[in-house]
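What follows is a pair of complexes built around chain A, which joins chain B in one and chain C in the other.
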Partner chain A sequence: MAHFLRTYGTLLGMVLLVGFFWISLPDTFMTARNWLNISQQVSMLAVVAAVMTVVMVMGDFDLSVGSMASLAGVVAAVMFVQGFGIAAGVAAALAVGLLGGLVNGLLVSLIGILPFVATLATLTMYSGLAFVISGGKTIFGRDIPQGFADFARGGIALGGDKPLVLPYLTLTALAVVALVWLLLEQTSYGRRLYAIGGNMEAARLAGVRVTWLRLTAFGFTGVGAAVAGLMYAARVASANPTQGAGLMLSAIAAVFLGMTMAENGQPRVLASLAGVVVLGVMDNGLTQMQVDSYVREVLVGLIILLAVSISALGRRAVTGR
Partner chain B sequence: MALQFTRRAAIMAAGFAALSASMAVAQGEKVALITPYLAQPGTQFYVEAFQARAAELGWEVNVIDTAGDVAAVIARMEDVTTQGVSAIVINVDPAQVGAGLAAAAAANIPVIGMDAGTDPLVRANVTSNGYAMAAETAVYVANRIAGAGNVVMFTFDAFPPVQVRGVVADAVFANFPDIKVLDRITPNVDDGGIADSRAKMEAILAANPEPGSIKAVWAAWDQPALGALQAIEAAGRGGEGIVITGIDANPQARDAIAAGGNFEASVAQDFAGIGRTTADTVARVLAGEVLRQNVVYVPTVLITAANVKDAK
Partner chain C sequence: MPQLSLSGLVKTYGAARALDGAGLVLRGGEVHALMGENGAGKSTLIRILAGLERADAGEILLDGRVLTLGSPAAAEAAGLRFLHQELQVVPGLSVAENMHLARDYPTRFGLVDWRALHLAAEAALQRLGVGHIGARVPMARLGPGDQMLVRIAATLLQGSGPAPWLYVLDEPTAALTGAEAARLFTAIARLKAAGAGVLYVSHRMDEVLALADRVTVLRDGAHTSTEARADTDQARLIHAMTGRELSDMYPARQTAALGPVLLSVRGLAAAGLASLDLDLRAGEVVGLAGLAGSGRNAALKALIGAVARRGRVELAGAALAVTPAGTWAQGLAYVPRERRAEGVMLLRALAETVSLPHLGALSRLGFLDRRAERGAVAARGAEVRLKARGPGQPVGQLSGGNQQKVLFARALLGRPKVLLLDEPTRGVDVGAKFDIYSLIRGLSAQGVAVLIASSDLPELIGLCDRIAVLHGGVHTQTLAAEGLTEAELLARCYESPTR
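For the complex of A and B:
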């Protein structure tokens, strides 16, 4: 029973949550349109949570993902202002993401600074750079190419009487999640990351190239944050030096939520995705139920605490402590 | 273990019960007001006035603050569209939430802007008239200096709402043959606009040392006016009767106007009026009226020493 609760408690909670909204909002919640909506709304968070999982697998954090997302959006927008095309802007933003991620990796793996401290410092730096590059202004309007903004509005038509659309943002997020899943679950690279998370010293002694792996994993997270920043910029058809700031805490929350439903409490990317969906469903359902936005935030925090507490209680029951 | 499970079920049940209780009983029209800027003082004035008027109209208002997150504004616009509200009010640049506007339009839900901006998918934007505010202070300056003398202008053409103010002041001053615009300055606003405006004004004062060589300073918003005031006072030229005007009537500007020095006038936007008028505009749209004007202006008030204590 305790084992069941520990493993499936969060899943059960998710089902209850969805059921609750389904009953409360019988006409609007459990519709394909609403779920496609939710999938698009959480797409940016899903990308950040997926790549956050990559570093959290090793027991590390990357606090700079939010400001990296902002910086990437601003870099692309500034490129657009300078007259470069969409491809060049996107490439520049991704390159900045890779570079920023590798800097994090360098600080953490080669210099040996605690990830919390190193990425807290780069959080400030990347955020500051976003302000420097943009001059503190929001870049929008004719400066943003139509094709770039249209990406976030478009999708693959699914038919139906009121035509449904599978949004490109959702597909992008699914692609990133699939890629991270392959990397973490299906390659020896991923298994080595889990080994580092299990016991870094043991992994090192077993011949795992810990320094190199941590460096590249942070690079991965940086690129992912930049992808999310580009998605965000396309969605709002503008770039602002603070717009990605909210992604970081939500992504960490999603990974933690996911950890409560994984065996051994390890971060798993599909579980992180489930955590993202919980957060997205809460926002969507509570908004439709007209729950005050501040009360909503309190409830989201409560749900996270509840899930983590149940997981901890379950573990205690198992170990008999 | 069973105990724990029961406890958890109880917690969940309590949570959901609290949730259900927090849902208002449905009555009248449902209107969603979505803003990323609720924490800003001006926004709170609009929102409170909107809520008060909406309560009179018997509406159920859902105020949603996304705490600076513009993508979340789009998400919440989609959510309330799914929910099927009667109307959506936004307080954000429509250019940034195009996807949300499209969702609302597809569901035939009208969107009204509250100091937002114009867009084909926004039925009307309720705001203050920047042209009129600039005309008020420019004419005040022209009249105070009897239509003759050198005027220093502080403008900021890169920001459209401020650019229109400059255009109107240009036209007013050009209409007086004896008014000469000595300089049209774009201050650096990175520090908030006061310090650099002060430095620029100090340079102009140094270049024009004769008393009476500068008759007035017209600023497109309050910060440069405050900077110019500091420069004039620091240069010991406060007694020359240089007339300074700003726009927005922020608290610092009101203090300066109340002090009775060179800073003589500014223009106050009626934030509460904007909120109230937004609600009335929503009511007109819900009543089926097709709005001819896509911008609804709420009158502003010229603030001088005569009314600074009474005007809100």
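For the complex of A and C:
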């Protein structure tokens, strides 16, 4: 029983959650349209949670993903204001993401600062930079190219009498998750990241280039955060220096929720995705039930605590301590 | 003298029967050794004594009265004290404070009376005969041996509660150097002279034979034998533990012709090592002997590239790389000394530890070839006689001996030219030890050159062709192992460089 709860507790909770909303919202919740809607709502979070998993696999953290997402959106928007095209704006944002991620990696791996401290500092820096570059204002309107915003509204038509659309944002998120899955689960690179998380000194002595891998993994996470920032900016057709702020905590929460499902409580990207879905379903269902957004936050926090507690208790029952 | 007798202890975990009617009698003023292979039930028996587990059946009598050990507090009240392999110390606090962790600090006017604290600690240290340890020194500055002595001394603090009379030492020397162990043995003799009993759990035959008054052997959870030290010897104990005749732990030397020089070391220096010159030929087994701090372990770390080194080292004629990534790729393999800290990933599948240094060879265009990995891990696992449920089993669930075999499987996977082994049989039971020795012999017969750093002198003499002796970081001499006695090798280890 304990073992069952530990392994499947979160999945069970997910099923109960879906069941609850299905019953409470019989007409609107369990529809293809709503699920496509949820998939679009969580797409940014899914991207950030996936790339957060990459560093958490090594036992590290990146607290700066949210402010990096804001910064990347602002950088693209400022490029658009300067008259550059979509490609240039996107490229600049991604380059900033890579650079910011590598700075994190440098601080953590070469200088040896704890990831929590290093990325807390860069969180503040990147956020400040976003304000500086944007002048503290939201950039919107004619300056944002039509094509950029259209990407977020568009999708692949699925047919049906009231035509359903599979949003491009959802596809983008799926592509990122698939890429991270390939990287972590199918390549020697990913295996080495897990080894670093499993035992850093042992990994080093076994010939894993720990410094280089941590550096590049943080770089990857930075790019991912920038992708999420671009998705966000496209979705709201504007950019402001705080719009990514909520992503970091939710992403870490999603990875933690995922870790309660994985064997030995290790971060796995598909489990993180499941964590994202749990958060997205809660948000969607509670919004439809017109639960106040502050109450929603309390409930989300409670759900995370519940999942992690069950997992911890289950583990204690299994190991006997 | 108090007497604690355990009889008919049974403990099952699910389907596995850890204890199956085990028992023994412990008396004050006596050192009682407990031996057995991993999985024989020693740990379970100790956990029951410590009040961490309850036996399913069986009886524990203290001086003839039934004793219920339902909790650690009950064990403590009965006068039992436990010292585990992994010591619980607070490195940042002083020796005296560490000794007072589990009790109230002496106070004056409601404030800590530091003078009284230090005096009490010093008195206890003196009583154990370890006055060389200062009460005010930070715990972090002591070696593991002295830390253990501090923990024992802490039980001698005067004051609250019943006085301890039985000490349970679980593999106390696993992390200790020879000199540290010697000090521990002196302390044990003092405890015994003062009327205390000691339950001494160890894999190390020489220690048991030197210390124990009586020896109990467990096998498969059951009591096999209890004999007085005078009535037993190594061969009898090994037989009792394994049920096998191991007339000699060390497989016979093959007199194969040695091949060309594979590893050439000239003027190797690193932190803790001043100089080492050595030629290692294909098929040769060479030992590195020396006291603690002699540089024998530092030499291996320098060779694998874990620490910066100076000097000229060539592997099969090519200059040796300076990072672990490079040296593994060139055909060097390494089994580190600290298995848990430096070797395995406890929570992850054992296959991942085995394949880690060889991922490059096991993947195409960066993508892992899982089938190749599974095949290679299974083959090497069979070669080292690894006992595990499968390649997916987490390393942490394996016994010490099997964890060590995981590291040997890892070392063999890349078909190394030269194998570096740092304390290869540390904390490993007799059966696994024998497997490891056979393995080393087999590898040398295949032309692998093996360099072993070990504090276990009989092991070096039994396995090696030549032994390089280090003293204070300096390579003083190289001896032929054939015909060497343990006493002579130890004497050589104490010789300073003649310069």
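Keep in mind that, in the parts below, the second predicted complex is superposed on the first by the 321 of 321 C-alpha atoms of A that agree within 3 Å, B and C clash if a C-alpha of one lies under 4 Å from a C-alpha of the other, contacts with A are read in each partner's own complex, and residues count from 1 in each chain.
Just so we're on the same page, contacts are C-beta pairs under 8 Å (C-beta built on N, C-alpha and C of every residue); 3 or more make two chains touch, one makes a residue touch a chain.
If you're wondering where the values come from, they're calculated on a predicted model, not measured in any experiment.
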item: Superposed partners chain B and chain C on chain A - clash or fit; value: fit
item: More chain A residues in contact - chain B or chain C; value: B
item: Superposed model, angle subtended at chain A by chain C and chain B (C-alpha, nearest 10 degrees); value: 140
item: Partner chain(s) touched by A:Arg204 [first = chain B, second = chain C, both, neither]; value: second
item: First (chain B), second (chain C), both or neither touched by A:Arg235; value: first
item: Which of chain B and chain C A:Leu306 touches, first, second, both or neither; value: first
item: Partner chain(s) touched by A:Gly141 [first = chain B, second = chain C, both, neither]; value: first
item: Which superposed partner A:Asn34 touches (first chain B, second chain C, both, neither); value: first
item: Lowest inter-chain C-alpha distance for chain C and chain B in the superposed arrangement, angstrom; value: 14
item: Those residues of chain A which chain B touches in one complex and chain C touches in the other; value: none
item: Interfacial residue positions of chain C with respect to chain A in the complex; value: 304, 306, 323-329, 334, 336, 341-348, 352-353, 355-357, 359-360, 362-363, 366-368, 394, 410
item: Residues of chain A that touch chain B when the two form their complex; value: 1-2, 5, 9, 13, 16, 20, 24-25, 27-28, 31, 33-34, 37, 40-41, 44, 136, 138, 140-141, 149, 152-153, 232, 235-238, 240, 242-243, 245-246, 283-284, 286-295, 299, 302, 306, 310, 313-314, 317
item: Interfacial residue positions of chain B with respect to chain A in the complex; value: 1-2, 4-5, 8, 11-12, 15-16, 19-20, 22-24, 30, 60, 62-72, 74-76, 78-80, 82-84, 93, 95-99, 102-103, 190
item: Parts of chain A lying in touch with chain C, wherever the complex brings them together; value: 186-189, 191-192, 194-195, 198-199, 201-209, 264, 266
